[in-house]
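Chain lettering (A, B and C) follows the sequence in which the chains are written, and residue indices restart at 1 in each chain.
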Amino acid sequence: MVDSASFKGRDIISMRDFSREEIDFILDTATGMMPLAEKGSDLLKGRVMAALFFEPSTRTRLSFESSMCRLGGSVIGFAEPKVSSVAKGESLADTIRTVENYSDVITMRHPSEDAAKIAADAASIPVINGGSGPWEHPTQALLDLHTIRTAKGTIDGLTIALAGDLLYGRTVHSLAVALRNYDVRCYFVSPELLRMRQDVIDDIEGNLDYTETEDLRGILPELDIVYATRIQKERFPDPADYERLKDSYLIDEAFLAGAKKDMKLMHPLPRVNEIATGVDATPHALYFKQMRHGIYVRMALLALVLGAL
Amino acid sequence: MVDSASFKGRDIISMRDFSREEIDFILDTATGMMPLAEKGSDLLKGRVMAALFFEPSTRTRLSFESSMCRLGGSVIGFAEPKVSSVAKGESLADTIRTVENYSDVITMRHPSEDAAKIAADAASIPVINGGSGPWEHPTQALLDLHTIRTAKGTIDGLTIALAGDLLYGRTVHSLAVALRNYDVRCYFVSPELLRMRQDVIDDIEGNLDYTETEDLRGILPELDIVYATRIQKERFPDPADYERLKDSYLIDEAFLAGAKKDMKLMHPLPRVNEIATGVDATPHALYFKQMRHGIYVRMALLALVLGAL
Amino acid sequence: MVDSASFKGRDIISMRDFSREEIDFILDTATGMMPLAEKGSDLLKGRVMAALFFEPSTRTRLSFESSMCRLGGSVIGFAEPKVSSVAKGESLADTIRTVENYSDVITMRHPSEDAAKIAADAASIPVINGGSGPWEHPTQALLDLHTIRTAKGTIDGLTIALAGDLLYGRTVHSLAVALRNYDVRCYFVSPELLRMRQDVIDDIEGNLDYTETEDLRGILPELDIVYATRIQKERFPDPADYERLKDSYLIDEAFLAGAKKDMKLMHPLPRVNEIATGVDATPHALYFKQMRHGIYVRMALLALVLGAL
């Protein structure tokens, strides 16, 4: 049986580590946090979260920090490695073994794929992965699921497209792995060059009903959720490929004419050109509300791993 | 009638938006905050302020953060845009619509003149302008007024010189506009090249008794307040102009011999050469105490816009 | 007599300023903080600490911040001077006279030797030196003493080697000066080029039983404590000197075979090559636990100088 005790002291590193029951428990806990996010709480009073951001981030860092504050806890950390001992050549494991003396939980973003695992192995306190290179971003996947469940009332039964850069986009890796636990139909929509990363395919094969395609427009009428991601110019060896492709992944009001009325459009943000600002005012736009669910989910995770529930 | 309810949910963007009654109400509220600034308070417990500083600042950022802490609230944010999603090409409006999910009030400094207005338009929570390019710095003007009123017992009836860079100095723009609500006599003292910005002149014309001059020494005996500002070398196309002028705006003890005994000298700080350190120990020096009023005024503004009073 | 009142409002700048009775009182207070470090406290609720880090630091900054949070206080500040008014040419004294309006205590790291003293002179609130160039790092010395006392039950009677860069290493300067108050036998172990700084020698002469040597291996069997420090390549005019020397200061498991069974190995961290990671799991390794004592000692210092005890 899954209950609060299942999470006390636990690391949150990869969506591969969680069963459906565990994910649902986290989502239920997040829903329970919604009133506390408005009025504040003393649940984590006296507790300290270290936010170690070895890569720039507004969204994830501020979301974790706000979640900790809403629960009455305190935050220490850094927003870039340059101001830390990393600049003096310290190993990640040593940094972690230092910081665990100063805090009760570590949240971390790092450009390396292995960093979150290395940190979790080194630490005796819980480590929450806030993005590990192109590999995973599990708290984003959990907030995405909570957004979907809140908007649609359910995750099961939906048809969901993950679109854009599926090779380097860590949010879609974590989300695809999480979705293998649900009864959904998935489309992986990307340029050939940016198809879904092979180890994700390996991990979902047999558990998730998915189809790969380059054509978002063609499948649009079927979709309940479009999850768009940023396509970065730097990913293309030939800039001409980028110029040719970027428009086929531009979602604007005209494009959305072909969608179901209650199709919801999500994006991990920041967006650059993928979603036209004209879409923001349509009922399809869920991407700004989506951010709010990050607070609920991260409050839930912090309270759970710190054993406060 | 102006009361607390007049401010709940309101943006603080420009001194142009406030009547005399509203300004006086803010100043009275700031005075009421003085004991809380010593002993702390739980007035904003559980509330989160986002401090988004797209430009470096010690004074304004730390003052806002301290004010929020003194009221029992928490702070998230960044001190430079490089650690944020701005580096990934995100628009200001998108950053704001994200951050409003994480916080109850946004304080912001930005190099662009329009930024504070753009942010206020995008946000559903209150935005407080902590400096918008050379345009305005309204919380500085309010703390300046509170400093004057505390030192002199009144603002009405005083003769006040704003001296230095009146073209690019945002603090004097906001202060001049604020002073149009009071019965004061103003001198705008600057080199010809750095005369008061035209849109400020337009906005005060007919409401403020002012005279423009290059000669601070000549009017010094009349003055109750000298408000000096930094003159930046970079403002002068010809460095020789700067070298020639900088000394005529250097305030030292000898210079102050010509002032009234109870003339008070203010400066938004940081100073570089404008005020000699020998002046610090004279009874004229009000510029360090002035900083303290930033706490009272910002505590008042945060409590007012968050509806806590 | 030394009691809490001896510390209220006091600056913590140099170990030269403290008697044995005062050091022992701080260490006793730190021991008393150990339970509060686990469960949190409201001792400094409503108080604000400014952390002004003009040089990068993970350890010292996060340790001070965590200590303040554990006591229920709040933190403002900066982790690098670039985001502050220093970039606009402000003097340190002016920065301090500003920040003292926003906070109740200032903690500071600065590349200049004089900075901590200049700040303490300028400030009317307590200043705690978190590292002043190569000169001193008194809170590190206090946490080192607390670590030793906790591990060994006493400081008196021990034989202690300070090894590595004794010329530029500020932690060993403060520690050597602190140890002159105790009945210990000291070895200063360094390459000829990096011998203990002369003003430290002058200050301990006659009060501390010390021997200078280049040979750590030779004295190892006598030692109760080895305090290793980082040797930086940049310190050597001739890189060949560094290459030749660095291995004689590499501590690994084989090297430790010559040590007493209960010899404890300390290091202010970050380490680079001085201690092999294989040593971490041996009973000699005290350097990660050592970090935890920083919390106890800094909690004690903050509570003492703020008069909360």
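Methods note: contacts are C-beta pairs under 8 Å (C-beta built on N, C-alpha and C of every residue); 3 or more make two chains touch, one makes a residue touch a chain.
The structure presented is a predicted model; accordingly, all values stated were derived computationally and were not measured.
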Size of the rotation, in steps of 5 degrees, that lays the CA trace of chain B over chain C: 120
Same-site or different-site touching of chain A by its copy chain C, using the half cut: different
Gap in Å, rounded to a whole number, between the CA centres of chain C and chain A: 40
Two or more partner chains touched - positions in chain C: none
List of chain B residues in touch with chain C within their complex: 39-41, 53, 56-59, 62-63, 65-66, 69-70, 72, 75, 79-80, 230, 269-272, 277, 288-289, 291-292, 294-295
Residue ranges of chain B in contact with chain A within the complex: 45-48, 50, 74, 76-78, 82-91, 93-95, 97-99, 101-103
